[in-house]
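Two complexes are shown next, each including subunit A; its partner changes from subunit B in the first to subunit C in the second.
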Partner chain A sequence: MLRVLKSPKIALGLGLFLFFTLIAIIGPSIAPYSDPLKLVGTPWQHPSGKFLLGTTQQGQDVYSQLLIGTRPTLVISLISGVIATVLSVVIGVSAGFFGGIGDNLLSMLANVFLVLPALPFLIVINSYLPAGGKSNSTLLAVIISLTGWAWGARVLRAQTLSMRKRDFVDAARISGERSWRIIIFEVVPNLVPVIASSFVFTVLYAMGTYVALAFIGAIDPNAPWSWGSMLFWAQSNTAAQVGGWYWFAAPGICVALLGTSLVLLNFGIDEFINPRLRAAGLSRKGLKAAGVRSSNTLGLTPVVRKTPVPAATILEETV
Partner chain B sequence: MPTLIRRLMFYAVTAFVAISMNFFLPHMMPGNPVQAMLAAAGPSLDHRAVAALQAQFGVGTGQSLMSQYWSYWINLLHGDLGISISHSPDTVTTVIGSSLWWTVVLVGTATVLSFIIGTLVGTIVGWRRGSVLDQVLPTATFFQAIPYFFLATVFLYFFAEQLHWFPADFKGYDTNNYVIGWNPGFIGSAVQHAILPALTIVVSSVAGWIVGMRNMMVTTMDEDYVLVAQAKGLPNRRVIYYAARNAVLPSISGFANALSFVVAGSLLTELVFSYPGLGNLLLSAVTNVDYPLIQGIFLIITFAVLAANLLADTVYVLLDPRTRQEA
Partner chain C sequence: MTDPTNSARRHGAAPGGRVPALEARSLTKHFPVRGGWGMRKAVVHAVEDVNLVLHRGTVTSVVGESGSGKSTLARMLARLIEPTAGQVLLDGKPAPAGGREYSRLVQLVLQDPFASLNPVHGMRYILGRPLKIHGMAEGVATDDAIKDLLRRVALTPAEQFIEKMPHELSGGQRQRVAIARALAVQPEVLLADEPVSMLDVSIRLGVLNLLADLRDREQLAILYVTHDIASARYLADTIAVMYAGRVVEAGPAVQLTDRPQHPYTQLLLSAAPDPDRAESPSLAGAGSPPSLVNPPSGCRFHPRCPFAMPKCAEQNPPAFQVGPGQTSACWLHEGHTPKTSSTVSATAVEERTTRSIRDTSEG
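And then the complex of A and B:
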């Protein structure tokens, strides 16, 4: 596993993610003002020493808003990701493992949720919630996860299908193991990379969706205070048009950076699962250093070795 | 063609689920949201509209849930989605009809453009793997992670407000000088207003196609038939064509999943540009607690997405002979 950390993509992704996690933990205590809505200065001040990221149209401190908003954004995305991943593992693996009519029904359900446009569906559900429900973080995370499990379930089902007929699963079955034990101790451990990749993807999806719902005001824009809240108020006060670009840019760039870190992590996991992508990640210079002389990258997966070997040997082994 | 018929049946089931959820959701929610809405909007509506809404949502009519569900279906099949509260006395069908085409043309064009550009770029980047072109990937990743509405605001700020390359009053077209219709003035104005929103959607969504196509291309290039094609001395262009034709299949079958994101992003893009499409209409309906309109827009968007998926399925069958062989 440590080998994976050497990939610059993973290192960058993990670093960024840990940075935002740290901000989520200590953000509220290092924020200059503990209430994001407190009026602390004159409106529309540009970033300066006193207000690092300027002030809003009402004179609130954008920097404090950003620090305080990190925690709910990250926590709701993570809770949503966990719930959706658990759902997708339970549904996907049992559908793939047991097969039959249950598999048909569950696959159908997953496909229906994949095709339904998620954001409009969430807007519809949220519009019916009473005012208290629109500011309930746990409820929001659950609702978002309802639309986020289907893709993972489909991928996991396909992987389980290919695993069901493997020898070690047959061996466990013949030795009299019960189904749930085979699933938990034989099948699921082999699916861990796929589950991890689907979890990271779902967290990314949940963050985008949560920010979007807050941005359009489909949920309570003030409670809990998040990056989406900042974007909502910046947009409704036309911040970008009246010169308050920093109010809009700060949370927007943070969303993009956190999103990038998750995508990079996912790339890393993909390369871990599929070594072809990893070898392809080598530069031509790296290939040369590793002893692979390729004028044409076609037809063989370059193999990285500790000691350089002549390209001819590799060709003979591969073809 | 059994493949297409199977898909068609699946879409029928999906439509049925969407329509049914649309009906049952307000009934399942705590605190009877519809009654609250009627109480809030009641005084501004005439009594016929209130009666129609009560019938639509089954408030105070004493009907059983099943008979309400039945009459909901009958109305729907007649194209009757009820009366829009915020646009009363206009019906939901009329209100949606005036914004539907803006969205369909904008999002449709942008999605097709994005798919074509992304697939072409992905093919080239995958073919030249390990070269400088691999640097396209991290850049694309960053653009993929930027929320649509953020990019939209940045574009609006720089290209419209600062550089004045595009009009900054986004109402879909120049409302003062032209009327909607098949006249060159209106079409020119509409195209001019659509460029920035379309650019936003393309830039935000193209990365997904690039990365998917590139990864599939890398995998496909290791297949024996590509090596054979190369060994036979076919020109590179032919080899790339054969590899790409096979590598593009997962992109097309993954179209359904991607489309959901594009639709979501487009709704938000419309909000930023005040574009007169379904996205803006949906958000104003949410602000005005206009349940009939919210429900109607959700249904229309779902139907449009299903139609687009069916189109992608048809293309898949045309591209992949194996699906036809089953017949």
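And then the complex of A and C:
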């Protein structure tokens, strides 16, 4: 497990994610001002010692807004990641395992949710929510997860299809195991890497969707206060036009960094599952020293190939 | 639909007319093939009208090449696959369709030990589950029962093996674990689907001897499915040779391999490597197994058979008695009285063979 951390990508991804988790936990208590909407200075001040990330059009502290906005952004993304993953495991695995008409129906359902344009769909749903519901974090997470489970369900269904014909499933059946036990104790443990990867991907999707919904004002932009709220107010107060770049740059960069950390974590899971990608755990120098040729283009995870044995060596050995 | 002569004969050893532990009656399996739209009529005729009996204390071997339906037969007997037609009788009574009661009495060892053990579970779980499911051992006694099982399949020291994960074991050790799992429930019938085909030659004999030991000491009824007729001769009491889903010849193991009557068995034996054979092997036939979606009419072997007659393409041959306990489903043996000794019938076959070869060369 620790060997995986040797890969700079994974270490960076994990580090960034833990950093944001820490901010989400302690952010509100280290923020200079506990209310993100409190007017604390003159408007449009550039970043300075007093206001680390400047002030807004109304004179609010951007730094406090950023710290306070981290927790809802992360929490809602994680909750909807969990809900969507549970949905995709339940639907995908049972569709793949049992097959037949149930599989057809569940697959059709997943396909419908896949082709559904998620953002317009969420906007429509949100417009039907009662006033209180629009600022309810859990409800928002549930609604976002509704559009996020289908991808994972399809992947898991395909994996389960390949799994249910495996000999160890037949062997368990011969031992007299019940179907639900075969699914939970024989099939699902083998799907853990896929589920983990799908979870990370879904969290990334949920974060993007949540920020987007807040940004376009489809949900209450003030409660809960999030990075999306900052983008919404920065946009509606024409921050870009009047030179208040720090107001939208700060949350924008944070969204990008958190997203990057999730993608890097996904790479890490990938390397953990697929031993052929383990070269990523070695530095370029280390690879050369180990005599492994790696093709590393455009930052993709290098794939290990055996170095071809030079012809001379073969001849020597045969003679 | 079944030929009376055919279904009257059950392939397998029959000592003293006892009730067989497991019996297959006219087992047939057709797998539907899904083509494009509206093409769902096609089926693979995997197993066709197979009769087989397994008696306690005997090893019955089913021999055939890939695609002959032998694994499908084993899986039908284990109730993993529901037969299209026919019956499975357990102790003379119709067997329940799978379920725990059936798995308590009939166990199947699968071919590939690298696939049949779940990589996420250790030996304690893999061997402990059947014990728990069937109430063979409870609580603290489970560990002792698991160690006993490991010792029975010669995985010692059991104290170490019980802690291992499948990836820490070699192929032979894994197959022993798979056999131990089947033995955990103290079954009466053990179905072994090519248990040694994935193993190194050096450890095959160990597994075969283990099976022989189980037959002799625990009086298990064992079905040994294999493509290796030499190992079937070594282990089995009775051999049934399958071709394209049908049993073509069956009889006592040594007698059948010494005096094969059916042209396909002769081909199979001529293809088996034999270190004692001086001359290079000449195959008694050519070609490859037929498509089972559209199997050949009549005898399924006739397109490859060197002795094929016009009749072979028209009618499926019933099983003719060609020796004591030996039957052959071949028109060459038509008209043989069941009383003829095997020697006589062998000569007769030779006569017919020569004649048909002469006919072919003249025509």
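Methods note: the second predicted complex is superposed on the first by the 277 of 319 C-alpha atoms of A that agree within 3 Å, B and C clash if a C-alpha of one lies under 4 Å from a C-alpha of the other, contacts with A are read in each partner's own complex, and residues count from 1 in each chain.
Going forward, a contact is a pair of C-beta atoms (placed from the backbone, for glycine too) under 8 Å apart; a residue touches a chain by one contact, two chains touch by 3 or more.
Fair warning: this is a prediction, and the values are worked out from it, not measured in the lab.
Of the two partner chains placed around the shared chain by superposition, subunit B is the only one that A:212 touches, whereas subunit C remains out of contact. Ranking subunit B and subunit C by residues of subunit A touched puts B first. With both structures placed on the common chain, the touch criterion links A:264 to subunit B but leaves subunit C unconnected. By the touch criterion defined above, A:100 reaches neither subunit B nor subunit C. On the subunit C side of its complex with subunit A, the touching residues are 75, 78, 80, 98-100, 103-104, 107-108, 110-112, 115-121, 129-130, 133-134, 178, 181-182, 184-185.
By the touch criterion given at the top, residues 166-168, 170-177, 185-186, 189-190 of subunit A touch subunit C in their complex. Within the complex formed with subunit B, the residues of subunit A that make contact are 9, 108, 111-112, 114-121, 123-125, 127-130, 133, 151, 204, 208-209, 211-212, 215-218, 231, 235, 240-241, 245, 248, 252, 255-260, 262-264, 267, 270, 274, 276-277, 280-284, 286-287, 296-301, 319. On the side of subunit B, the complex with subunit A involves touching residues 10-11, 13-14, 17-18, 22, 25-26, 29-31, 33, 128-131, 134, 137-138, 141-142, 144-147, 149-150, 153-154, 156-157, 161, 215, 218-219, 221-222, 226-227, 230, 239, 256-257, 259-260, 263-264, 267-268, 271-272, 282-283, 286-287, 289, 291, 294-295, 297-298, 301-302, 305-306, 309.
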